[in-house]
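Please read through the structure below; I'll follow up with questions.
Labels run A, B, C and D following the written order; every chain starts at residue 1.
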Amino acid sequence: MPLSLAGVYPPLATPFKANEDIDFDKLHENMLKWNKIPFRGCVIGGSNGEYVGLSSEERVEVVRRVKADMPAGRIIIAGSSCEGTGLTIDMSKKMAAAGADVVLVLPPSYFKSSMTGAAMQKHFLAVADASPVPLVLYNMPANTGLDIPPEVCVECADHPNIIGLKDSGGDITRISSIIQQTKGKTFECLAGSAGFLYPALACGATGGVCAYANFAGAECCEIVNLFNAGKHAECCALNHKHIRANAAVTRKMGVPALKIAMEWCGYYGGPTRAPLLPLSDAQVKELRADMESSGLLAKAKL
Amino acid sequence: MPLSLAGVYPPLATPFKANEDIDFDKLHENMLKWNKIPFRGCVIGGSNGEYVGLSSEERVEVVRRVKADMPAGRIIIAGSSCEGTGLTIDMSKKMAAAGADVVLVLPPSYFKSSMTGAAMQKHFLAVADASPVPLVLYNMPANTGLDIPPEVCVECADHPNIIGLKDSGGDITRISSIIQQTKGKTFECLAGSAGFLYPALACGATGGVCAYANFAGAECCEIVNLFNAGKHAECCALNHKHIRANAAVTRKMGVPALKIAMEWCGYYGGPTRAPLLPLSDAQVKELRADMESSGLLAKAKL
Amino acid sequence: MPLSLAGVYPPLATPFKANEDIDFDKLHENMLKWNKIPFRGCVIGGSNGEYVGLSSEERVEVVRRVKADMPAGRIIIAGSSCEGTGLTIDMSKKMAAAGADVVLVLPPSYFKSSMTGAAMQKHFLAVADASPVPLVLYNMPANTGLDIPPEVCVECADHPNIIGLKDSGGDITRISSIIQQTKGKTFECLAGSAGFLYPALACGATGGVCAYANFAGAECCEIVNLFNAGKHAECCALNHKHIRANAAVTRKMGVPALKIAMEWCGYYGGPTRAPLLPLSDAQVKELRADMESSGLLAKAKL
Amino acid sequence: MPLSLAGVYPPLATPFKANEDIDFDKLHENMLKWNKIPFRGCVIGGSNGEYVGLSSEERVEVVRRVKADMPAGRIIIAGSSCEGTGLTIDMSKKMAAAGADVVLVLPPSYFKSSMTGAAMQKHFLAVADASPVPLVLYNMPANTGLDIPPEVCVECADHPNIIGLKDSGGDITRISSIIQQTKGKTFECLAGSAGFLYPALACGATGGVCAYANFAGAECCEIVNLFNAGKHAECCALNHKHIRANAAVTRKMGVPALKIAMEWCGYYGGPTRAPLLPLSDAQVKELRADMESSGLLAKAKL
């Protein structure tokens, strides 16, 4: 029976100490809190985990630690992306050995003009062939400068070890089209942000990987619950309520803002690793204003 | 009482003769067919109307002719975009005099690096001040290379003569965010393509301007009807059924494909004006394949 | 005998009154000053002429007025670009009738994704076939969002009525490559900015269309003179001396800055037409700082 | 006395066996050939070295091996770029320990929207502070999607351990401007491709890092020699002669083409690592045609 991806996943922020070392104690404390929220699992080593700033060893170690804290029945989706196909295969094996249930793979993006659909497809298929665990495609155009062509997603969906797509681009037509073309295949689409979780569900996605769920997990899960209950007007209202706060910690100010919002909402956020800069005072103020309408700050009794 | 924009609009394709002159007889014949479909009105002089290839006089004349054929209670939204603010004001006045109920205005885009939010906003406000009829903002990043910043839309929404936005970018997070921020104002959002009409409605849009409605108007109106009746699963299914055909005549092959699809579905399509090239034989075949799953070809008894 | 393009051309800024009407008197006064500088001619209706903000009639009228003031032996290159092929042909004929010796034609750029090399080439050839005067291709990626493919330039160079390219992109490899591939043909390349006039000459260009020449024409002509005299080190030094000031009035702050610099240097600049915004006070200060090292302000005895 | 960068560097292609392991024997053989050419040194671990497909250990090992074969007086510039600042510092130290004389550092580019000038500058300065050997900035917009702002280059030039810039963007105005603004500082600019080596020299660059020098090193060095002898017309002619072949192995077809050209010219090329695809037969034919005019194939007696 194939693994079901349906549900919500926070792409875990990696907690650092002031000296930029990973703070595994804080990770453990955060896990205890996340474990109380009805997530389907979590994503480790995604963009919000600042995976590009971690060494290979650190990337694997985070998975190992999270695995130890993970409740039964939940799944770990671990980012195993590297620029090389061979390196990605190696990393996928290590991730699986460390406890990952699924690996999440970006298209290589350094040699942009060479990354044709054919090159991406060959990469994904080679990794899927070699990976001990299933693979989810990861489309993240804002960071890679590339969009995985829909037809590549559709063809990859035929591979027994490729079970889904996390799409962070937010182009709902593209997402709908991929869902339509993979109907009947063992392939699920996950929205890559809370900002379009509801419309993606409405168009056939089965869940979402939401940075916002790092500190507003209950709210993200509630969108899925309302959707499953057919309560569309409530979904739309909830989407509106959180859209500005979500934008602030994703598109607008990114991981440094996400970590501050986590602090405000009772989680350990801590610093980012360089080269990500901390927010300026003006940006912190802006973040605060952006989060006001979400109701999360009041709840957090700040 | 403010004008309501809610509903579906085809952005009329401009019919040309073989020598590229406008074929007003064919326009009239098409109008008789469009008039049988429960549209809210139509858009004239949008991208699909190839407005950039028409002279100023022709742009106005098309409005005049369509007005003569327009049933009572329907509205004409006329594109009055020019690169200069003064030219756009002049054109808006001419469009209103020719029968337009609303003008549709793109941000000037030639001086891309100078088109800051402030410059766009000043342009829109100046046109709105001078235009005898209300203005709808037109966001079309694929053609202009620019996105109207959401905050500009939100600030423009306070102007009594700016009543809405047609957004053709398809970024559903952006659309949702603008809808959320203009709640309570006299400002409506229209989806700029059938490809995201349903999710846009789900997120609070009130209708759509759909190239696809040039030949599949009933289907576009049906999406709105089903949505209004709370039939979300049916909306999703209808969205999926038409998404490939819609993509073919918009993003993928554009106006030349749209005009062929119109011919296949019983409308006059005819040639485009240069520099748009006619489809190659291979593209026509591809278009045919892309339209197969929509069921429109069978219906058209081709 | 073919027309030689070799030399320097200012792309004339269009002078406006405070009410944004064209100020033909000021144009005449500026012409008297430009006529004292050893230009090869001038460009009318280019980007710096704000041609997109002028009506069709105004575009032609400016050519007519400049023609009346033009010394014998100098040539007028008039921008006749429109989005449609037919419109561009009409405008080219009007420009020729008004006194243009050459027309300058951009690729249509509104339907970006349809503007393949084949579509551009067909457009240019059709205009060249119909134009009473020779055509120069105009590559301006910053404004059009498109680059004319080098192979299109090379194939167009075979048309007897296409005699050159003005390239404003500044990609010197591309420019060199086009020059190399058109060697032996009646086809000249002009640098589209003073910022790369010298290296373009070094790579085989025969001149330049330089916004900077609106107020620093002697300096631009001096670069060509020094180059022709084989004085490369001096060319390099002159390039360095003016590169910052040139950048300020082109890439960085555009036409509004150009017009202020013209004022500082003894020409009429005046306002731009909306939607171009006037410079803020801070930008004026920055412009002043950017121009300091050029020595032009001292010369102007400000 | 500061290290002089002036001269030509091939950015060494990394030779792989059929199984994609690094072929150190072939690297040694290639080195013996490169050592006969009057290079200033070489770049290891640049884009053409496919550094992104190598493990951290492999990246360092290549430097160690090349060092062993390097003639006295030549310098090794080693790419030490990683996405994280800390990782880049570690890698820089390892590179220095392995024999690098200089490290070459790209701006981190994964978090594109966060990579402001300030973030880049902080990154470069932190690496420069910690690196045991001098640092050269590496601007490679085609691969990173980012341009290092000129003002960041200029400010970095004041750091005693930042001694230059390799600019692969090819925007000659930008390069000239940086050279002008760093005059008098211990800071040199190197052209990042043979395609604009000559115009860059003419504008004040002191050398170049040229993929083309992997198989046409003598020709690249000859451009510098001719330039130094004041023979500009000959430089221009040599630039033209090689511009098409150079474009083929860089912008147009990249590293897979470079490695085939190396084979044709007597070096070991071998396969690329996945995900780079081998050239198709049609592309190989095209490469052959593109190289014809360079005269290199005849010389190689193919």
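In the analysis below, a residue touches a chain if its C-beta (ideal position, glycine included) is under 8 Å from a C-beta of that chain, and two chains touch if they have at least 3 such contacts.
Keep in mind that this is a model prediction, so the values were computed, not measured.
A.B. asks: Following contacts chain by chain, what is the lowest number of steps it takes to reach chain C starting at chain A?
C.D. replies: The distance in steps between these two chains is 2.
A.B. asks: Tell me, please, which chain's centre (mean of its C-alpha atoms) is farthest from the centre of chain D?
C.D. replies: The chain lying farthest from chain D is B.
A.B. asks: CA centre of chain A versus CA centre of chain D: separation in Å?
C.D. replies: Their C-alpha centroids are separated by 35 Å.
A.B. asks: List the centre-to-centre spacing of chain B and chain D in whole Å, with centres computed as mean CA coordinates.
C.D. replies: 49
A.B. asks: Listing for chain A: what residues touch at least two other chains?
C.D. replies: 251
A.B. asks: Think of each chain as a node with edges to the chains it touches; is that a line, ring, star, complete or other?
C.D. replies: ring
A.B. asks: Along chain D, where are the residues that touch chain C in the complex?
C.D. replies: 170-173, 176-177, 179-181, 183, 193, 195-196, 198-200, 202-204, 230, 232, 235-236, 239-240, 243-244, 247, 251
A.B. asks: Once bound in the complex, which stretches of chain C touch chain B?
C.D. replies: Against chain B, chain C makes touches at 20, 47, 50, 52-56, 83-87, 108, 110-116, 118-120, 122-123, 126, 142-145, 251, 254-256, 273-277.
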